[in-house]
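Each structure below is given as structure tokens.
You will see chain A twice below: alongside chain B first, and alongside chain C after that.
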Partner chain A sequence: MERLTLPATQFTPLVDFDYASRAFVLQGESYPENAAEFYGPILSALRQYMNDSQSGKTTVTLQFAYVNSSSTRSLQQLLTLLDSAARDGASIDVRWLVEVDDDAMAELGVDLLSDKGSLSYEIVNTPLS
Partner chain B sequence: MFRIGQLATTGPALTPRHTCVEALDYFSGHPSHDILPIVNEDRPVGLITRHVLLERFSRPFQHELFGNKSCSLFMDKKPLLVDEDDSIATVGAVAASDSRKALQDGVIVTSKGKYSGTCSGPTIMQVLADMQVERSRQVLEGVRYASRIQRAFLHTSNENLAEHLPQHQVFWEPRDMVGGDYYFCRGDRDRVFVAVLDCTGHGVPGALMTMIMSANLEASIAEVDCWDPSALLANINRRARAALGQRQRPQSDGAANECSDDGMDASLVLIDRRKGRLQFAGARLPVFVSYAGHDSWVCLPAGRPGVGYADTPDDTEWPISETPLEKGMRIALATDGLFDQIGETRAIAYGKARFAQSLGAASGAGLQDNFEETLSRYRQWQGSQSRRDDATLVMFEV
Partner chain C sequence: MSSNVAHRTMPESSEREIFSYSGAVSAGIVGATGETLRARLASLNVDGQRARKIFSSFVELAYNIIHHGEPEGARDVKIVRCGAVAVWQREQRYHLRSQSLISADNAPPIAQRLQTLRDLTPEQIRFEFRLRLTNLQYTSDASPTGGAGLGLLTIARNAVEPIDFELVPVPSHDGRLQLTIHTVVQ
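== the complex of A and B ==
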């Protein structure tokens, strides 16, 4: 699959799906008018990648400053998808990066990840940017 | 809708039998015309533009070499031809995607294939821009009117707050004139019920959701026949899921983008003076309380799932928490437009902890000062950052 990259915009995060090195990154703010429309192709790409039964570890790095409620729904879908892939044997590490003192994003990380039983994840504090 | 024919100039045309000198004479005789159509037996065959012809004839010996040759030598042989009945929007779209610089030079307008006139590029662009401005103005006017309706719809809440909680303050500020935040109050002799709802989306979709959710709240109050915050959340959840057809949807990983998956966060508070207690149930929105004589505010946490969403099952229950009611106690309900606002000096969210601190900063003062200090700290945090969401803060003292 060809690497999927989208630059960050005022309303949407940077997207970098580097299939070759199995590293996936979403970073920035997420409050598009229509989150389902923005995340639709991203979820499809991820689903396709997971279906192509990859061996080796996949790392997913998520770092957000702001996520609106409809984007939260989409992230929930994304993590559910990763969780079911992990349950089926895929090796996936999710890193949820939170800037020191950012309670809201730390809370969101716990909220989104704590019920993902098969997924290996960590919530990581990062130094001040 | 505008037709291109209405904008066309039906100026004279030349034929390929006319010479370049005659074309030059045409331009000097019509200083406001920048294009000249060439027509052969009623059929348009090309378009000469002023700047191309003048540039050509500013070179040495051109008059001598080409002056008496056919003007078709220097015409664009493939100008954009459009039918007089084509809409301006269609012509604009075709012209913009056309590499023949139609937006710069203009188009030839035909009627049943025959030459009928021309329309300059700048004219097309001006009309397109005017149409866009007009369309935005109409949309904006509609939203402005919707804002009047939404504000009017809050008047019952305001009247009930005034009647049952004389000591109260409200900040309700949609990000885009209308929004997804809503507050509600109802009371009787012994009890007051207050709710703050934050529906998915903001702007027009958010405002639509507040109508659905407030109707479900009212209906649930009638159905459940009590003001139990937890029972009400559960009932609204079932009603909203049914109303939006979100029960049938398979809990897949989002393949079905067309399906609605909307709901709300909410905090519901019941003040029961007779029983001397405050009951609270929240869906992703907490409530903050402070007792008289204490500076610190306590956050009563909310239950986890949002209300009404496709993957929030019908039998979901939101936990209820209870705390004693005391005279002078203050209560604050807010939406995440406050908690999640990105700051100016640090590009991170305001957060509930900082919000609770801001509540405590002027706890000793009267309710109004307490409220204003809280808002002023929030605005200071936001600074020059744009607002990310609708924001609501309802504060009251019992």
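== the complex of A and C ==
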């Protein structure tokens, strides 16, 4: 698959799906009016990658400054997809990066990830930007 | 809701006006006004945690106007939604108020959801948020664009007081009602 990259915008995060190195990154703000429209192609790409994927560890790094409720819903779909793939045997590590003083984003990470029983994940504090 | 909040037009002497907007509400305007609010909060040295909560509630209130609001003017004219959002500070608390028109059909379900939220404790709000997230894994919501009910729950999570609201018929607007939502962040 061809590497998927989208630059960050005011409303949407940077997207970098580097299939060759199995490293996936979403980073920035996420508050588009219609998150389903933005995340739909990303979910499709991820679904295709999981279907085609050979053995090897996939790393997913998520680092958000802000996520609105519509995006929260889409991230739930994304993480549910990853959890399902992990349940089927895929090796996936999710890193949820939060700035040290951002309790809300840390809490959202817990809310989104704590019920994903098959995923390996960690919530990592990062220095203030 | 106390009438001085629903009908507040000028800050009281104990209050500091932080931001207000009234007019058309589109995604672009949410972005522009949101960035203005962020800059204003930074200029006032509002700490990061508070500023993030204020911004979060502001965005949810503004998108709520887009997703549930009724257009101003004639019903057969397709124009953007209109509404107002104000942010002010009283002592160490930050108040946010949104106002918009909603249809008579939309009013009962929104009032029901707001009433339910108003009666929940912070622990129950957190539980409901997680429950809603979990349920999203197993259900497809009818509305593909919104937050599937997470928006009002997010506002409630950010708040230090129960969300307050008021629905008032607007006689000149063909049965539509004015919805006022008031929330307080600390």
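The rule is simple: the second predicted complex is superposed on the first by the 128 of 129 C-alpha atoms of A that agree within 3 Å, B and C clash if a C-alpha of one lies under 4 Å from a C-alpha of the other, contacts with A are read in each partner's own complex, and residues count from 1 in each chain.
Basically, contacts are C-beta pairs under 8 Å (C-beta built on N, C-alpha and C of every residue); 3 or more make two chains touch, one makes a residue touch a chain.
Small disclaimer: the values here were computed from a predicted structure and weren't measured.
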Check chain A with both chain B and chain C modelled on it and let me know: fit or clash.
clash
Residue contacts with chain A in the superposition, chain B compared against chain C:
B
Would you sort A:Tyr19 into first (chain B), second (chain C), both or neither based on which partner it touches?
neither
Now for A:Leu112: first (chain B), second (chain C), both, or neither, which partner does it touch?
second
Touched partner set for A:Asp101, first chain B, second chain C, both or neither:
both
Which partner does A:Ser70 reach: the first (chain B), the second (chain C), both, or neither?
both
Classify the contacts of A:Pro32 with the two partner chains as first (chain B alone), second (chain C alone), both, or neither.
second
Now for A:Thr80: first (chain B), second (chain C), both, or neither, which partner does it touch?
both
By the touch definition at the top of the document, which applies to A:Leu43: first (chain B), second (chain C), both, or neither?
first
Contact residues of chain A, present in both the chain B and the chain C interface
31, 33, 36-37, 66, 68-70, 73, 76-77, 80, 101-104, 111
What residues on chain C touch chain A, complex-wise?
27, 30-31, 34-35, 48-49, 52-53, 55-56, 59-60, 63, 66, 129-130, 133-134, 136-137, 141, 144-148, 150-151, 153-154, 158
Along chain B, where are the residues that touch chain A in the complex?
198, 200-201, 203, 253-255, 257, 261, 265, 304, 306, 309, 311, 336, 339-340, 342, 346-354, 388-389
Which positions of chain A touch chain B when the two form their complex?
29, 31, 33, 36-37, 39-40, 43, 47, 65-70, 73-74, 76-78, 80-81, 84, 99, 101-105, 107, 111, 128-129
Where on chain A is chain C touching in the complex?
10-11, 31-37, 66, 68-70, 72-73, 76-77, 80, 101-104, 111-112, 115
